[in-house]
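Input: structures, listed below.
What follows is a pair of complexes built around subunit A, which joins subunit B in one and subunit C in the other.
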Partner chain A sequence: MFRSRTFLLVVPALVVMALLPLGVGGYILGLLTLAYYYAVFAMSWDLLFGFAGEVNFGPTFLIGVGAYAAALLNHYQHWPIVACLAAGSVAAVVAGVVLAVPALRLTGPYFGLVTLVAVLLLQNILVLFAGITGGEIGLDLPDVLAIDDTTNYYYALTFMTVSGAVLFGLTCSPVGLILQASGQNAIEAAALGFNVTKHKLAAFCISAFFSGLAGGMLIFYLGTASVGTVVDIAVGVNVIIAAVLGGRRTIIGAALGSIFLIAAGELLRPLGQLSTFVVSAVALVVILFFPGGFLGRLLHTEGSE
Partner chain B sequence: MTELLRVEGVTKRFGGLVAVKDISFAVKAGEILGLIGPNGSGKSTVMKCIMGIEKPNAGSVLIDGVNVAGWPTHRIARLGVGLVFQHSHPLQRQTILEHIKLALLPDSLLMLVADHGVTKRAEEIAERVGLSRVRNRLPRTLPFADLRRLELAKAIARNPKVVLVDEPFAGLTSAEVADFSDLIASFRADGHAVLLVDHNVKGVAALVDRVKAMYLGEHVAEGTAEEVMTNETVRRVYLGGKIETASRPERKATGGTPLLAVNDVGVLYGKATALENISIRVDEGEFVSVVGLNGAGKTTLFNAISGLVPYSGTIQWKGQALSGMTAGGIARMGIVQCPETRELFGDMSVRENLELGGQHLSVADAAVQLAWLFGLFPRLKERERQTARTLSGGEQQMLAIARALMMRPKLLVLDEPTLGLAPVILEQLSKALETLRQTTDITVLLGEQNVTFALPHADRVYVLEHSRVVWEGAPDRLAEEAGAGLL
Partner chain C sequence: MQALQILIDGFAISCLYALGAIGFTLMFGVSGVLNLSHGAIMVVAAVIAWWMGASLAVDPYTGALAGVAASLVCSFFTYRVIVRPIQTSSAIPREEKEIFVLTGTLLWGIMLQEAVSYVFTNNPKTVRPLVNGVVSLVGIRTPWNELVTAGVSLAAIGCLYLLVNRTRTGKSLLAASMNPRGLTLLGFELTRIYVLVWAIYGVLTGIAGVLLGAFLGVSSDNAGTLTASAFSIVVLGGLGSVSGSLIAAFVVGYLETLTAYLVAPSIRTVPVLLLLVAVVYVRPQGLLGRR
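== the complex of A and B ==
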């Protein structure tokens, strides 16, 4: 029932998204491309928050490491894009493990604080070594994914669909069930014989992999890697808001939330500075009054007699 | 029969507190051992040490000959120990059957599709514990007893050599208790070693082969249920000195304005009536008990008095209406409620909790009050530097009462102070209340479902039933006039 209802919602939406380039202009396609990469950030984050029960306040640490590893290899070593993306993903996973192994020994809010500090460290390093990393201005890349809007759009849509399918499938699998149990009550999960740390660490690696890969894809779409687009705390906050808005523990909700955030930001652009305020206020209201998010109610069965 | 569980010389300290001291016992295959003790006796800590949730400071825990002391919980579980938790914390979005399947899964990261056998096995287990009717429902739609069945089902699914059951019958009706006894007995029939952890012998006597009793972390007695029940030390620990009806010199009714007058008060929760036409009075210096079963409306009445819920009718304090005052204002006037949930600051020490209660007193007054309270509750003095979270239930209740007394209330409202406490603690609380009654001029309003505890401490009693006062009078008349429904 869960599956079928989800598919009834998702498949038509994907068909519409796939047909969009026939009807809308390059500008909107560009926005949506950005939104789809954000969607992968948010879905990866939901795997940790919704399922592993760990709040990662620094999603941009993983995103940033992936993006900058890819960018540096492309800029200085002229590796082909695919190799850069692969290396970026691996770098994100390694950085994730280095961060998570000690952090997962902590409980409660401390895990979140460690991840937050990690972002600040990464940001500082990038700015300190501006000579190599381009610092605040950013690092321009010799290669880009494609110059054509429609091609870029399809890259992003395909990437989001595949990532979403993998993450969603994972959460529906037995491993996802163990992960949820570990996230919600570690002692009970351990008493059932599950190594809670192992499962959380695995979730962190998977989240890091998709975050890093999406970070890399994003900079090769933009043609430049900068702190403001892939590392800044504000980017991370947007990812978190998108995931919570869309609906915790739904994966797909995170994608919906990302698209909503970027679309809303654009629609409200005439309001100028006020637009950020309005979007934030909407997010606040949803989080306060509908903590389940957009999809919280829609996707979940009430069980049957 | 082989020994599946052997605990040898296990000691566990929390800071300076020795929660478990040199405890040893063994359980054979096909045997049920009851581990009993009042609150704070360390029985739960022993269970946690076996499961690896707490690491023992000394001693060994042998599971089928393998010493697992200090191992992480998941490895102990895989070696063959299952724990039936008292409180279940099920996943919200998974059905009952999915929960049982979870317990059947191996600890593997590569398990992307559960094989068909798992579903079949889960259904068999659901059938065995009586959950097949509700197997596709979500946990939150199920009654408490079914959630306990689910915990049993999860233990069965792991097929452990050693089954630990935490307070097997807490919160169950007598029919459900019979069902659960059968299920637990079936563990024994299958050759598992079973350890039941519970408050008293009576509850588990029919089920256990042997009983081990603990008190304050130490071994007290071991033997058949019969032997332990007749053991003199056990009797002293459990029954304590008899709680006596201490009547004190009759106080003259002041006749004037009562300290607290509740007139015709009604409270609605949505459309449900929680209180209806309640009128009670409490005179200065009186000890008044409000007795009634769970859900009769005691807590609601106290919350109305404390200004925490809106009500119709009037509540007067020394003739002055309290309506319109904030809860904080009412507390400052001298009505201090000690809620049944205790509401302690868990991460603060005993002393810090008390000092917070005495915030409005001058330093010198607070010191005097603190010294007096430590005299009233010597246990709190011993635990002065310990954090409130690590206290036993009885100690927490003492701390909650002491903290309320730090505020020097004129009227102390005690809501269910005995909830979930063992007899020995009741006796200590009872003594403290009696001291208050004899040596101070404090007024107390006590809400209780434990009538035997409430009566000795009452000058007058109100009986609350289904949101109404159904009887009021002197405690010695309660038994014959209104006792039938209560005692």
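== the complex of A and C ==
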């Protein structure tokens, strides 16, 4: 029931998204491309928060490490894009393991703070070594994914679909259930004979892999890697808002939330400075009155909440 | 000479940090809420005090009072409109209330920040200090403002100490942080205690914001950094431990000042972040925390 309804919702939506380049202009495609990469950020975050139960305040630590590893290799070593992306993902997974070590010892706000500090440290390092990393201005990349809007759009859409399918499939699988159990009550899950540490570590690695890869793809789409686009706390905050807004513990909701956030930011652009205010207000209202998010009601009606 | 300078500057900044973090830790200790709009409320207090002084040309004391009042209003609003509805909501599972309070206050903080930046722009603003002039302190020329900042911060912390330890109402706060259920069994209304905490929080944060605005100046862009530094100090000292936060504030204040003077001002926050990571790894409950 859960699965079939999800698929009934997702498949038509994907078809519409795949046909979009026929009808809309390059500008909107560009926005959606950005939104799809954000969607992967948010889905990876949801895997950690919604399933493994780890509050990660610094999704941009994983994203930033992946993006900058790829950017540095491309800028200085001129590695081809695919190799850079692979190296970036590996770097992000290493970062994920580094983050997982405290997560296995700390709980709640303490772990949250460590993740926040990780981002601040990364940001400080990038700015301090501005000579190498480009600092606040950013690092320009010799290679880009594609120049054409439509090609870029399809890259992003495919990437989001594949990542979403993998992450969603994972959460529906027995592994996902064990993860969810360890997130909600680690002691009981361990008493049932599941290896909580192993599963949480795996969740961190998977989340880091997709975050890092998406970060790498994003900077190769934009053509520059800068602190403001892949490391800044504000980016991480948006990722968290998107995931909670779309409905935590749904994976697909996180993607929906990201697309909503980017679209809302764009629609409200005439308001100028006030647009962030309005988007935050809308998100706050959703959180206060519909805590399940957009998809919470739709997917969790069968008493699983 | 430089050692004395570091001693004095570090002292003033540490006192200010302590005041800024103490409301945050009190709030967590008593009601279990981590208020991520903390920095934004400080900014509101400072900007209102600045605006009263700059546009309405009132004297600095009235301006400062207005700033504290604004912070109090924000604080009550945060409680009534965001925190309380989440705490009493039946749609949110108990174990997820924490993340909802965090996300809710975070969003509210962004709203405050954006509102301030829309109305008053995000240019840095310096509140007119309460006392002008410079005093020579053991050979070091120190602005009066710096001493006032330290003095007022310590006085406010002292008042809080007396309130919590010497009055009946204050003791009920302490009791709420230890065992809320026991307190309700004794016939205390928890909601009233929470309202009181938010009132104290509003006043402390307001004073801290105004002093910060007069000492270092603020811009609406600082809201996130201010929250992060309060959060770090509080975790370093031990969540909910007021005396731990005091010690941590002095550690952070002096470490930053030492780095700024002896190494380079641009990396002043880095040693603090490293120390924080180290402490959290070795002693997750913080310096004086209880789990």
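In the analysis below, the second predicted complex is superposed on the first by the 300 of 305 C-alpha atoms of A that agree within 3 Å, B and C clash if a C-alpha of one lies under 4 Å from a C-alpha of the other, contacts with A are read in each partner's own complex, and residues count from 1 in each chain.
Here, contacts are C-beta pairs under 8 Å (C-beta built on N, C-alpha and C of every residue); 3 or more make two chains touch, one makes a residue touch a chain.
Note that the structure is a prediction, hence the values are computed from the model and not measured.
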Subunit A as common anchor, with subunit B and subunit C clashing or fitting: clash
Contacts of A:W79 with subunit B and subunit C, given as first, second, both or neither: neither
Partner chain(s) touched by A:R105 [first = subunit B, second = subunit C, both, neither]: second
Subunit A: partner with more touched residues, subunit B or subunit C: C
Which superposed partner A:Y154 touches (first subunit B, second subunit C, both, neither): neither
Partner chain(s) touched by A:Q184 [first = subunit B, second = subunit C, both, neither]: both
Contacts of A:L128 with subunit B and subunit C, given as first, second, both or neither: second
First, second, both or neither for A:K198, with subunit B first and subunit C second: first
Doubly contacted residues of subunit A, that is, touched by subunit B and again by subunit C: 184, 305
Interfacial residue positions of subunit A with respect to subunit B in the complex: 169-170, 173-175, 177-178, 180-181, 184-185, 187-196, 198-199, 202, 249, 300-305
Subunit C residues within the subunit A interface of the complex: 28, 34, 82, 85-86, 89, 91-93, 95-96, 98-100, 102-104, 106-108, 110-111, 114-115, 117-118, 224, 228, 231-232, 235, 239, 266-267, 269-270, 273-274, 276-277, 280-281, 284
In the complex with subunit C, residue positions of subunit A that touch it: 49, 55, 102, 105-106, 108-110, 112-114, 116-118, 120-121, 124, 128, 184, 233-234, 237, 240-241, 244, 248, 273-274, 276-277, 280-281, 283-284, 287-288, 291-292, 305
Footprint of subunit A on subunit B - complex, ascending: 51-53, 72-74, 77-78, 82-83, 85, 89, 91, 93-95, 98, 101-103, 105, 107-114, 136-138, 141, 154, 158
